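Two complexes are shown next, each including chain A; its partner changes from chain B in the first to chain C in the second.
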Partner chain A sequence: MLDTLLSIETPEGIDFDLIPSGPVARILAYLSDFLIRGLVLFVIGIVLGSLGAFGAGIMLLCYFVLEWLYPVFFEVTRGATPGKKWMNLRVVQDDGTPITLSSSMLRNLLRSADILPFFYVFGLIAMLCNKSFKRLGDLAAETLVIQLAEPMPTTQNVKAEPIPPDFLLNPDQQKAVIQFTLRAEVLTQSRQAELADILGVALGPSPQRVARLQQMGAYLLGKTASPVAADAVDDKDDSKGGVS
Partner chain B sequence: MKQASFESRHRDFWQKCEALLNELESGKTGHHEQFLPAYRQLCQHIAIARHRGYSPHLVEYLNQLNWRGHQLLYKQRSSTLTGMFDFIRVGFPDAVRRHMPYVGLATALMYLPTILLIMLILWQPEWVFYLLDSHQLAQYEAMYDPGAEHIGRAREADSNVAMFGFYIQNNIGVAFRTFATGILFTVGSLFFLIFNGIFFGVIAGHLSHLGYSDTFWTFVIAHGAFEITAITFAGAAGIKLGFSLLAPGSLSRLVSLQNAAKDVVPILYGMTGMLVIAAFIEAFWSSNSSFSPTVKYSVGAVMWILVICYFTWSGKRYELR
Partner chain C sequence: MNYANLAFRLRPRSAYEAADLGMQMARRWWWPLASLWLLAALPFFVVCLLLFDTASIALVVFWWGKPLYERPLLYYLSRAVFSENPSRRETLKMTPRLMARQLIQTLTIRRFSPSRSFDTPVAMLEGLKGAERSRRLAVLHRDKAGSVAFWLTVIGAHVELCIALSIVTLGIAILPESYQWEWETLFAANYLQAVCSFIAMAMMAPFFVAGGFGLYLNRRVILEGWDLELVFRDMQAKAANAGQVLVVALLAPLILCGIGYSPDLSAQETLNSELVTPAVTKEQIQEILNSEDFRRIETHRIPKFWDDLTKSEEDSDVPDIDPWGFSLGENLALIFQWLAWIAVTLMVLYLVYRYRDRLLALSIGPRKPKVSPPAPSHVLNLDIREISLPDDIGLAAQQLWQQGKQREALALLYRASLSRLVHRHKLLVNKGSTEGDCLRRVKKLRVENVYDYFKRLTSAWQAMAYAHLPPAETEFGKLSQTWPVVFDTEDQAQETGGE
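The block that comes next holds the complex of A and B.
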């Protein structure tokens, strides 16, 4: 498949698919962090402005903390800076475990190499040269910025009654049926019929195919069936002596 | 088993897991051991759900629970107070000793230009104008003029704190950059080390030529033990990063870089600590001109001896080599 998913296997034998975040989301996250830091510094400046040289010293300390330790603090305690949180990003180790203090220090100190010669050009070049979009700091610290999965689409707009398919569908086929169901509103009737017809007789007679596909999609999307229908399914299942 | 019966059989368990996860994530309880059997069970459930081709909705739900559990259980323990004590006693000096060739090189790159430039300026004082513009020189002359009320940067009564903030913000930033730019095949670290060496040499040479040596050296000597040493460490760590890319040996360049980065982390922590100490001394002791030069030179010498002894002997007997 032509995508950038990274599959990691945990010691329990479970796979997670991690989605490395691309440059655009990360730039937006960086800019919003930049804005947040600027605002905080501005507020501190107003408060300390009346304290003269003493205030100026504290101000410089705050500036140092915001410049270097702000990302480290949030990555280690929360998994991501507020800006990244807003973009639904997380920083993790290469093996998917939460980031350690050492790695966070490394990747954030090396920021000053990524930022060269101006506007993070080196970092951007590095990101475009590897398949998980790592800047120099990420490469050295063995960290990864991932995009958290979108929540599953809601079933509010799906009007069809959920009825399970009569045959086993593999995960890719299930995804295709779900996509078909979700796109019902943007496809014309005739195009829907055309697509459903590709699947042929498995869906029953031609006029019902679109409706049948949408019922399956509603079921696969996890739309809760009305109690009667659910019971009916269970009964049918038991009568077959469902193999588990 | 059809999906519906699988769901109805385990739904209560999943909801319990969700509640437990919420509690653990918010830090209300620290009893991760309660969660362990549940996590193993969840792993089994998701394996079953995937294998049987249950709907993506269910798989994704279980996947989310699993991911949250994984993030909780595989979090590394944060460091403790005793861990920090051990680090100061053994970890940091040991890391420095392990990187002696790099530290030696960085020290040479910093000190040789300094010595060279001091001698050069004392021999041909007017050459200083090729290296620094007269405005900058005038600033430094004003700072260390023996007739001035305060030495070091111009300051008012309560400005020690202001200078402390400045030293933290400026010096630690310089050290971090000296380290980080080493990743560019050592070029950045080499540049910053040599540049700082030259700059310091020019100023020291020029002020000595003007006869301000006492005010200058009494100011610099005490915190220099920590500050200059810390910056050479930062440079050494940066050179190691760059060198791991230039000469990765039998490893790939990426793995070589990652190993080098892991190795130098203790130096980075330690160096940052040293710069905080240096900023304290610089702001609250170095600028204090109410002591005689003899006292200031003695204190400075003690600082240097302390630093050298610390890195030579601290934690040495715990080394396995």
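The block that comes next holds the complex of A and C.
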């Protein structure tokens, strides 16, 4: 089954997923870094322009440092260069741990291989030849450029009152219920009703199912109940107990 | 729609990730997609080249028609994601019809659309036109999908150019140095450019189409809740299964009365039976926390250093300093404590200074001679105690030789030499030293004639001991005669020198 995830298992037996970033985001990140470097060099050039040959020498040194050490510095200290940060990317080792200095050095030095024969075409082809979108430098240094997961949605836009579900939900099911609640504005009304109807009587009588599912989602998202609503929950539980 | 047949994992994805899903699709179905593109595009390319005299114009015309060659790829993808991969023949048969759909708009106003690969599915798969299509696109473009589609197109165009150029660059790099060429010939080589561009387009097309399709598919998944439907159906199926088992076992008569409704009801029952309230969970958590695993006592002992000591004293002092007088006393005590420490330090320093001569004498003092380890009694299984040797070594060896005991004669000489070296020249050897070791150590003694003699003797002895080759008569004569000269006179010389 096709997927964009890479599963990592830690020695403690914990599974988690990394999202390797594809070419589009990485090219954009590279271009913005390229722009930043160009701007910095431009400013340095203006300052050093009046110093003649000495200035030119310093300029070359600056160029060298910017070209080779700029990515290493940011990757090791911040996990990503400014361009990557802007694209919400991060460079990590293959096992998801933070990148080490030597790996960062290696993957950036090997840009000289990726850049062949014309502006990173080999790098791009290498990226499209493996599942985790690694360019040659990444393959050599055993590193990975991943997309950071988007932050957990807040409960601010969730209008439903939080009421715990009446039955056990496994994590995937909880995620689905949460997604259902979060997409209240995105899914059409009829589609929401259709989806809720799949679950059937477990959610209660037909017209209330969507609302009930959203209440469960709000609860699972960790929304705190307002005091008035809490009473309502108690009432509801009582009435339910009576029926069953 | 049958979710069991989906070829990709249903999950809401971010826009960039959705484009990456498209890349994964292009990777998976690379050959079908690339070959479809080639089959669809090659005839056009050839016709263009034949129609126009200038290859660059032919290339532009061909390039203009690109949306058409991408149609069969989209058709293939739209079926492949449901694991209904159409055959090449089937797709090609469909191709003319696919190309004719909304042909004019495609080649005019939509040709420069910056989100072509993302928008095409709406026209092709949903068959929407006009205002309806625009409304639909407006919805689909939300949530960053439109901007990613834009970048996909922009980057795709540039990458195509880069690939075409890199084919040329690679060719130049591979050309032998002796081959002379001019930039002008390269620019004039229109057909070369056209072919390189064609190859570049062929390489990019599957990724471009699939990237846009991935974006489109992800928007559909999110907007229509495909992922939710999958999970909900799964939940319902499980609950219904469990319910039916219960029903059959316990409520067989009831099922006859209300066939339509009972599975759902019982489904709810089973769901309810697994009810876990927060209170129950809290109890369980408390139970686990009280268990052995979380009640481990470990004692760590950490040495307290001066800083820690003063710190802890200060910490403990802080709450005590309430009455002012007491605090003054406390402070005074602290001051005196410090003064006392200073006095002690000064005292020690004074004592050191007062007795500096004696201390210096003590510390430097006459050096004790190094105690050398006791000389070994045996080396190489040879007895080297002086007591075991006859008085006149040279004579004794010659006597043995004359008796035909050549081996013993040489052994005696070697043994006696080692014995003298160990006992009189302080040669450091041990039980396990080999002949080679002994020789090296003797060299370090730096006594010329002894080393020369010992070297000769060693080689003679090794030949005798290991190869059973006795030395020549004259050689042995020399060895045995020089022995007393080398060792005994040397001794005397040393002794007289020592006196």
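Miscellaneous remarks
Operating definition for what follows: the second predicted complex is superposed on the first by the 222 of 244 C-alpha atoms of A that agree within 3 Å, B and C clash if a C-alpha of one lies under 4 Å from a C-alpha of the other, contacts with A are read in each partner's own complex, and residues count from 1 in each chain.
Heads up, the rule we're going with is that a residue touches a chain if its C-beta (ideal position, glycine included) is under 8 Å from a C-beta of that chain, and two chains touch if they have at least 3 such contacts.
Worth saying up front: this structure is predicted, and the values here are computed from it rather than measured.
Once chain A of one complex is fitted onto chain A of the other, the partner contacts of A:45 are absent, as it touches neither chain B nor chain C. Judged by the touch definition given at the top, the superposed model places A:53 against chain B, while chain C stays out of reach. When the two complexes are overlaid on their common chain A, residue A:13 makes contact with chain B while staying clear of chain C.
When the two structures are aligned on the shared chain, A:82 is found in touch with neither chain B nor chain C. Touch criterion met: A:164 reaches chain B and chain C at once. After overlaying the two complexes on the shared chain, residue contacts for A:23 are found with chain C alone; chain B is out of touch.
Taken together, the two structures place residues 164, 168, 175, 244 of chain A in contact with chain B in one case and with chain C in the other.
Those residues of chain B lying in contact with chain A across their complex are 1-5, 39-40, 43, 46-47, 50, 53, 55-61, 63-64, 66-67, 70-71, 74-76, 78-79, 155-166, 168-169, 172-173, 176-177, 179-184, 188, 241, 254, 257-258, 260-262, 265, 268-269.
Chain C makes touch with chain A in their complex at residues 6-9, 11-14, 16-17, 19-21, 23-28, 148, 151-152, 155, 159, 162-163, 165-166, 169-170, 173, 207, 211, 222-225, 227-229, 231-233, 235-236, 239, 264-265, 267-268, 271-272, 274-278. Here chain A touches chain C in the complex through residues 1-5, 19-25, 27-28, 87, 117-121, 124, 128-129, 131, 133, 147, 150, 164, 166-168, 172-173, 175-176, 179-180, 183, 186-187, 191-192, 195, 198-202, 244, going by the rule given at the top. Across the interface of their complex, chain B is touched by residues 10, 12-14, 16, 52-54, 56-61, 63-64, 67-68, 76, 79, 96-98, 100-102, 105-106, 109-113, 116, 122, 136, 139-142, 149, 152, 164, 168-171, 174-175, 178, 219-222, 230, 233-234, 237, 242-244 of chain A.
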